[in-house]
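Before anything else, here is the set of structures, which you'll find just below.
Below are two complexes that have chain A in common, paired first with chain B and then with chain C.
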Partner chain A sequence: MKARKEAGRPAKAAAPDFNFRRLPGGRVLLTNDSGASAVVDEAGFRAVAAGRPAGKTAAGLEAKGFVRERMDFEGYAAARASRNTFLNSGPGLHILVTTLRCNHKCLYCQAGAAPAGGNGTDMSRKVARKSVDFALNSTNPGLTIEFQGGEPLLNWATLSDAVVYARRRAKAAGRDLRLALVSNFSLMTEQKARFLLENEVSICTSLDGPADLHDRNRVFAGGDAHALTVRWLKYFSERADRQGPGYRVFKPSALLTVTRASLGRARDIIDEYARLGLGDIFVRPLTPIGYARKLWPEIGYSAADFAKFYRACLDRILELNASGTQLRERHAMIMLQKIAGADPGYLDMRCPCGAAIGQLAYDYNGDLYTCDEGRMVGWEGDKMFRLGSVLKDDYRSVMLAPVSRACAAASNLEAQPRCARCAYKPYCGVCPVCNYESQGSLWGDMAASDRCALSMGMFDALFGLLQKPAKAKILNGWIGQ
Partner chain B sequence: MKTEGVSVFFDSEVSSPEAVRLAAAVMGGRMGVEVSKAAGGLSVRVYGPGASAGTFANEALNQQCRIDLARVNSRIASIITTKALLSAAGEKPARRGRK
Partner chain C sequence: MTTRKLSIAVKLGEHKAEAVRYAAYAVSGSAYVHISPAKGGLRVAIEPKPGCGPAPALAAAFRRELEDEELRARVSAENRELREFLLLKAVNYRPAPPPQDDSGLTPQQEKELNDLIAQIENEIRTEAPGSDPLGITSTWEDRYESKKRSRKAR
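Moving on, here comes the complex of A and B:
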């Protein structure tokens, strides 16, 4: 049958491939697989959907690949490839759990901590060295080994040996290696701190806000958790500001874990970070895994509550920035980098997710897991996410293990019904472990997923702010745009 | 001992048997699920603590959407997953259709 044509006009163009979301206020966000985004009004949206954008925005939409008949396919493909370079390499993050023991009893702990005085849950030097050797097999040109726990300083002998061994092996192999430590600082000493600085180990800790809130969330019978955290944050910050001959000193970073008690305290929390001169804050929602899952009725909250809190945090941070205080929110930075076309290397928000192919978790006994969350599920008795052992298995078989393949397939957004048509697809990711824990399958059901709702809330907040020129200028300044 | 539970019918015109059986596999850990053939589709009885016909029907719909999406997107999804896995393992995907 002959195609029908309108008199005097070219045939109606097919709609280009784009996803959309209506933003508060009536404007519509458009995105496509090259990662480009545009915000148009309702009339503009209808014109794009009809394949006929017009007016002064038409050229911009055309350049971004929203006009099918005027596509720069090579540019589109190059942008898509550029934002997905992680598909060309293997795991870059290697999490060594040097002990399961911990001297804190945090309300939300998902790490499956054992008592500080417990036995049989420390990583031996042999296992730590085997883990470092295993990590160096990765096809990723840049590696990060992160020492976690429990509280890793409780097993200082293994931790310090692994640091020296990793530095020596990486140097011999000509590999780019970063070392990181996640600690609550309660066992930090001047001697340990100097060793970490001299070996260029970056430091990360948890800071949940002012003392009352921090100490409520992070219960420490052995002293004042908040005071210790603040003391060592200042110590490492001062060293970073001064730098020194012979080695680089990294600015310490802190993570905020949001519990129900945090929800009305956005301003207090942000001001605490600003007071301590921290450059970044990472506002992280609770993950309902492990201990936090059991305590969810007391410490959990809805996605809508978190979205409101997150927006309040961003508003306060932007207010401080406008008055000259430098403070950035890490989730927003990650999302902004992705919107700008860069790959910030964030494993939770990519397609496929970082499980196994982007990161590995090395348990104290040498067992390998897809990620730290997968390890936690294993600690609770379900070995679903166990990939093998550094003592027995080779790198290739771990990368191609059935669970690696299953996680990669399940977190592929092109195969997720809701995600495939979501405007935030180019910037987002799903977590098979969260799906498994909360919904009973690796694939989950995004329409009913709290994690999806949380991500949507954060993206909505960010894109809402990006519509306001003064705020957009500050936000884009965070990523050098 | 047979508990009563709730039965829900899935018309094969709307929900494929594959989708209903996948939903039964996912939901089986949370509630008792019995799938049986019925005229024009499948009948599912959910029972026991936590049993919810609505939750089961949502999951069946989710699985049906996954199956429908795979008909359209399976090629690009497969390319991405294969590339990610083989790169991580240190191998290069074989190029098809080139001599």
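Moving on, here comes the complex of A and C:
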């Protein structure tokens, strides 16, 4: 009897290897380690879990590796390898802190800047050149050297020398090198701007929204912070639109740092970016490091508040897109690229994270750190994330430094109990520095982590929008899909 | 009211201890969860953290997580070998090289040569103390200059 029963039924199928997350409305998101994703209803979910998807969606699920008995091993391995090619490259981003001095006093500044008139916190030309030499050791085929501060224009002599030196060294070595500057523009002049354009330095600044909001967050005693930012954004934008012979001009980019004052102002902020003709906006949550951590009770917010704000921003951006205004949100683009199987090179959402193996931060005195956040912790007196010095350590010893290994181990999502079972694992990453600062260990506790909740909120918002065909079309258009 | 502790009995015949542990971890951001042995299974005590709760909602969340974690545990167990196989395959994946017709070797000879090289590389990797298969510690010169030199010599 028993044998007959078994003969009449197909053998029990095993479930495929997948993670899942229940979305609002009863639908379920499925993902796997190749990075494939699918959204199914409850019945479809039960069928996948039983190893027997059927109906119209079965072929699509099979192609994505959600049917264990019909997997394309080669395709799966190729997709997974392609998403992780960065593991074979050395650090690509090299952040040179040319000075700690700054003439702004931004409420959220995690850079813990020194006063503009201070001394002893500028990078010398010798250290800058050593830093460039060190960066060129990296095996990464596409290097970026980013000049940061403080306000890097306060140390123009070193900055301009390092730009020329880096271009010369890269040319001699046949290396592909991008140069970038992060500046508040308050000290920008026509002469400096021309130099930067001629040397193909891309420009990035902060724009926190309309004047009242920007000036409230980014306190500048020396003038009108918002007006200066707008003036130079327009200057670089116009030149990028015109281009010209001899060198490429990059479109300037702007970052939004969200404080409590930004919540409820999503529409104003997005409209300000649209008004200025900026193509992208990068909506970034506050990081509770440095000065921002001290001021958290006044400027901080919950992950749920941020998720609501982020969704409001996306809604407004999509509304503008639908009416013909081109504006994209960069976090969404990064996530969309990852969902589509590409590696956008975003170091904060990688497994392992970019600390040391994806980026290095070079402090004004030549000290090397895992990342800019790690450097900030060092500036506060805790050298936990210090890797060595460009003045006396070699590349190998820096890559093998205990903290490089510790950060890689701590940010391995396979070893994080929550992340290993999370549907967003193929697209996400954890930050050992944030964990250390907010929870007291590199490892952290994702169940209680605000950063984890923030990321979840952003992914939820995006996957929610991707379920709506008209919005999905716009979003996928941002990454050429 | 929101700080009241709730206890849930879980039968080990119905749920694995691993699933209980993961479900407890999933709600641990909002509640203190204490798992203790009880007759026929486990007792899970849930107490909301300050500002979180109420306890019945957290207990309901725990029960939902428990069902999901049970499935995750099954999926994980059923796919352990497959997962390891796929990981190895991805780590060792190399895109097919473009066809070359000027090597002077037959496809069979080429395959033998590649197999031999792969075998030697594998031996070097596995035998070298403190091996670095991804070349993370290599500098640009280590990786590319020797190739340049040998090309020039030719």
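The working rule: the second predicted complex is superposed on the first by the 474 of 481 C-alpha atoms of A that agree within 3 Å, B and C clash if a C-alpha of one lies under 4 Å from a C-alpha of the other, contacts with A are read in each partner's own complex, and residues count from 1 in each chain.
Going forward, a contact is a pair of C-beta atoms (placed from the backbone, for glycine too) under 8 Å apart; a residue touches a chain by one contact, two chains touch by 3 or more.
All values reported here derive from a predicted model rather than from experimental measurement.
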| item | value |
| --- | --- |
| Combined model on chain A: chain C and chain B, fit or clash | clash |
| Which of chain B and chain C A:Lys126 touches, first, second, both or neither | neither |
| Chain B versus chain C as contact partner of A:Arg248, first or second or both or neither | neither |
| Which of chain B and chain C A:Leu87 touches, first, second, both or neither | both |
| Which of chain B and chain C A:Lys473 touches, first, second, both or neither | neither |
| Partner chain in contact with A:Gly440 - chain B first, chain C second, else both or neither | first |
| Partner chain(s) touched by A:Lys234 [first = chain B, second = chain C, both, neither] | neither |
| First, second, both or neither for A:Arg68, with chain B first and chain C second | second |
| Partner chain in contact with A:Pro417 - chain B first, chain C second, else both or neither | both |
| Partner chain in contact with A:Arg396 - chain B first, chain C second, else both or neither | both |
| Chain B clash site on chain C (candidates 59-67, 95-103 or 131-139) | 131-139 |
| Common interface residues of chain A - those touching chain B in one complex and chain C in the other | 87-88, 90, 138-139, 357, 395-396, 399-400, 417, 445, 447-448 |
| For the chain A and chain C complex, residues of the former touching the latter | 14-20, 22, 33, 49, 68, 73, 76-78, 80-81, 84, 87-88, 90, 136-139, 173, 175, 357, 395-396, 399-400, 417-418, 421, 445, 447-449, 453 |
| Chain C to chain A touching residues, read off their complex | 22, 25-29, 68-69, 71-72, 74-76, 78-79, 82-83, 85-87, 89-91, 93, 95, 134-144 |
| Touching residues (chain side chain A, partner chain B) in the complex | 86-91, 138-139, 351-352, 356-358, 395-396, 399-400, 404-405, 408-409, 412, 414-417, 420, 439-441, 443, 445, 447-448 |
| Chain B to chain A touching residues, read off their complex | 26-27, 29-30, 58-59, 62, 65-66, 68-70, 73-74, 76-77, 80-81, 83-85, 87-90 |
